[in-house]
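In the two complexes below, chain A is the common chain; its partner is chain B in one and chain C in the other.
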Partner chain A sequence: MRHEIGLGIGPATFRIGSAWRAPLDALARLYAAYPPVDLSRRVPDFTVRLQPTRPWRRLIRPSIFIAGDHWLPEAAPMALEHGLLAAEMGMNLQMALGWRRHVLLHASSVERDGKAIIITGESGSGKSTLAAMLGERGWRLMGDEFALLDPVSGAVFPFPRLISLKNQAIDIATAGIASERLGPLMAATAKGDIRHLVPRADAIARMKEPATPALLLFPQYGPAADRRPVDPGEAFVRLTQASTNYVALGEAGFRALTRFVTQVPAVALDYPDSATVFAAIDDLWSRIG
Partner chain B sequence: MSAALLVAVLLEPGEALRLDARHWTGLLAAARGERLIGTLAAKLDGLDVPPDVAAILADARLDNLRERRQALWEVDRALAALAPLDCPVVLLKGSAFIAAGLLAGQGRAIGDLDILVPRERLDEVEAALLSAGWEWVKPDPYDDIYYRRWMHELPPLIHHDRDRMIDVHHTILPLTARPRPDAAAMIADAVPLEGGGAVLRIDDMLCHAAAHLLADGDMAGGLRNLWDIHCLILEHGEAPNFWLALDRRARQHGLTGPMRRAVRLSHRIFGTEAPAAWLKGAVFDALFEARLLTRNDWGLEERPFLRLAFYIRSHWLRMPPLMLARHLWTKWRKGYRPVGP
Partner chain C sequence: MGVTYRAEAPDQIVIEHLGAIDLLYHHRSGATHLVAAPMPQILEALGDGPATVADLIGRLAAQFDFDAAEDMASLLEQRLAELAALGLVRVDG
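== the complex of A and B ==
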């Protein structure tokens, strides 16, 4: 690989190699506030490679194939101008397929007073946007994509990578945010329009600090406002579906999730707009105390 | 370069203690690329490695336990599905090494379950697996017909609940290949396992491994297959008449050439001990060695032209020229490109 960078996010470290300079320059700018990972002294957990789909596609009609320690043969090639997204997808892929030290939940999370809200749901449910906005309103953002549940302590560990905002959420969640904290607008990617947001300084400074899970939310953007409790059995099944390594962790994963759903209250929230959902979260949080 | 380091550390785990961070990173990337990370982690167990490395290896050892458990469970499920047929079922490759408790199974990545059954029982076996929850993977009619007509196995089946693949073989090389191994003899002489099913006799296991490595396929990921061969010989090579029996069996299967080359390569790369007579005639072995050691410290395979040559060779071995031309033309039109990124 012609270019490389070391990155550390939460407990995980990455080596990202690229055939092109531009994607790594974008990463270096947006991850500048994160503690540096010196690859001559530290052995990273994962290698990510941004390589040309064919040897000549480095220069002629550049096309990125995302690979690394873990990769998917059928992954779609990406345009060079979406290289930052490719790097982020490469890191996510390593975590999703390779991380074993926690139960990996496809969920966002925020913390206050040592207690965390875990927000999970299908793509489009608004979990990234909600976490991004809560992170600007007095909560510590722990992560917009993965929550790491420790099988030993039951605590949740942060993974505060760049927040990935999509389509309409971009304008809503970036209103009033300084341009230094924003990545380039990547239009018409396979996932729609994407723009990355750098978490606030406190989220980065405290990225190794866990929290006790206190509330599990299943938000659903769109329908009329509604709220209903989710029983532990349903929460368990939905979390197994939201976990990429539940099966790989075997009994440890089962125990961790069982403990989680029996200790953490779960609520499904339907919301038509952000004011509704923030009011509901404030109300739920005041009861947890 | 890193593939060579991987070989050195597999043979002499203590060597790893002298590595700096850069070399460790390259070693781990190469091991993952060759699907030997589990084997490496098993070899380095108990050594005082740096903490960042220790965490990665601990993860890999956890995966080893799960791979092993899942592989044995798949064996159990397949044997249960096939039990009513009263048909010999011989486990092949990784699942066999693990089920038989062989050295080659230590840390071995498994993936698919491979079994060998008599060709005349193939239809019954297929029907029994389909009714027990396995389903077809290949949606492509050309591939399906190709498999059934010319291959040594059914098109792969995947279990709809467990998402695990099974390859049902009726012999060990495609029917289009020049050697015609004696699959009936392999099944007849297979060694029964206590829990049901059987594994190939050691000489057949080696013949199969050699055929798989050198008479079928383009040798991508071949270092792991050669490691299997090294471990099998290491564990059994001292037995009386081992080499004589191996020679005789390889001849019976028409696999003398591949078996000899496999032993020479194992000797060349892993230092496997073999009688002097087995190590003669090493023409072109250097090319095979280079092909097996292309993995660099990013986990990427280097030397694209050498790899392409072996890719072409694999098809040359597999089918006669006219058929090959037709096959490659069909695949090309479907968008398949040989040497991946």
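== the complex of A and C ==
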């Protein structure tokens, strides 16, 4: 590739190659606080390539195709001004399809006193936004997209990539945050408006530090506040649905998830606004010894 | 007469009890099954060795009270067919 950059996020390392310079410049600025990965000295876990859909499309109406070690054949090409999003999507895809060292849960997570809240749910449930806001409110953000469950220890490892904020969540979660920590506003992508937020310095500095899972939340943004316990069987089913590599891990995944759901209390939280959900989380947390 | 049911080898199955349901990991298929009563009880009873439906009714009756009005043989055959479809029980004969 004409241009490339090495990135380390949590336990994973990436080589991002690109036919264009601009997406990598944006990545370099936003990942400046992350430990550098010297690609001349180590082989990264994954390679992502941002390449033109056709050779001439590098210059004429540039259009990005995401390629790499793992890829989805039906992925649509993206506009060059959304190159940062293409790189982030490419990295997520490598993790989702290729990571085998942990049970990969599609969940956000935050930590306090060595204990973690794991937040999972459908797209639009608010898991990314909640984690981003908790990360500005005294919690250590461990990740907004993937929580890595260690089959051996039962601990959760961070994957604090850039936080991906969408649509209305952008204004809510970026209020009062310095512009150096914000990526460009990418309007009208396939996922709506997207803006990336750089995690706080402590989240990046401690990105290899695991935590013991202590609370599993299934938030749902909706009209009425409600709270109900989720039994271990339901939690298990929902976590297997939220994991991209559960089947691939075989018995190790089965044992890790059954241990998780028998040890970690799970609660479904419906919330109409952020004040309600933060009060509920404070209350639940105060009951955890 | 003659149909015998045989449980999958014990080392092929890992069972975790989670309240009302049991989670069952099957090595041979790599599949995870969620099973509720009476499936775990049937598998456990078959663990004592291959059995006909009549044998199974005898083993289960020693532990559980049956509703006399129900056709136990027919119910068990249906459940055994479901377990066989999952690969957790084999049908001989």
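The definition used in the following text is that the second predicted complex is superposed on the first by the 289 of 289 C-alpha atoms of A that agree within 3 Å, B and C clash if a C-alpha of one lies under 4 Å from a C-alpha of the other, contacts with A are read in each partner's own complex, and residues count from 1 in each chain.
Simple rule for what comes next: a contact is a pair of C-beta atoms (placed from the backbone, for glycine too) under 8 Å apart; a residue touches a chain by one contact, two chains touch by 3 or more.
Predicted model, so just to flag it, every value in this text is computed and none were measured.
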item: Fit or clash - chain C, chain B, common chain A; value: fit
item: Contacts of A:Glu251 with chain B and chain C, given as first, second, both or neither; value: second
item: First, second, both or neither for A:Arg100, with chain B first and chain C second; value: first
item: Which superposed partner A:Val237 touches (first chain B, second chain C, both, neither); value: second
item: More chain A residues in contact - chain B or chain C; value: B
item: Geometry of the superposed three-chain model: angle at chain A (Cα centres of chain B and chain C, steps of 10 degrees); value: 60
item: First (chain B), second (chain C), both or neither touched by A:Val261; value: second
item: Which of chain B and chain C A:Phe65 touches, first, second, both or neither; value: first
item: Touching partner for A:Pro52 - first (chain B), second (chain C), both, neither; value: first
item: Which of chain B and chain C A:Pro44 touches, first, second, both or neither; value: first
item: Minimum C-alpha spacing, chains overlaid - chain B and chain C, in Å; value: 6
item: Contact residues common to both interfaces of chain A (with chain B and with chain C); value: 250
item: Residue numbers on chain A that touch chain C, as the complex places them; value: 231-233, 236-237, 240, 246-247, 250-251, 254-255, 258, 261-262
item: Contact set on chain A toward chain B in their complex; value: 1, 13, 15, 17, 39-45, 47, 49, 51-55, 65, 67-70, 73, 98, 100-101, 248-250
item: Contact footprint of chain A on chain B as seen in their complex; value: 20-22, 24-25, 28-29, 32, 50, 52-53, 55-56, 59, 62-63, 65-66, 69, 298-300, 304, 337, 340-341
item: Residues on chain C engaged by chain A in the complex (per definition of touch); value: 14, 16, 18-21, 23, 25, 27, 30, 32, 34
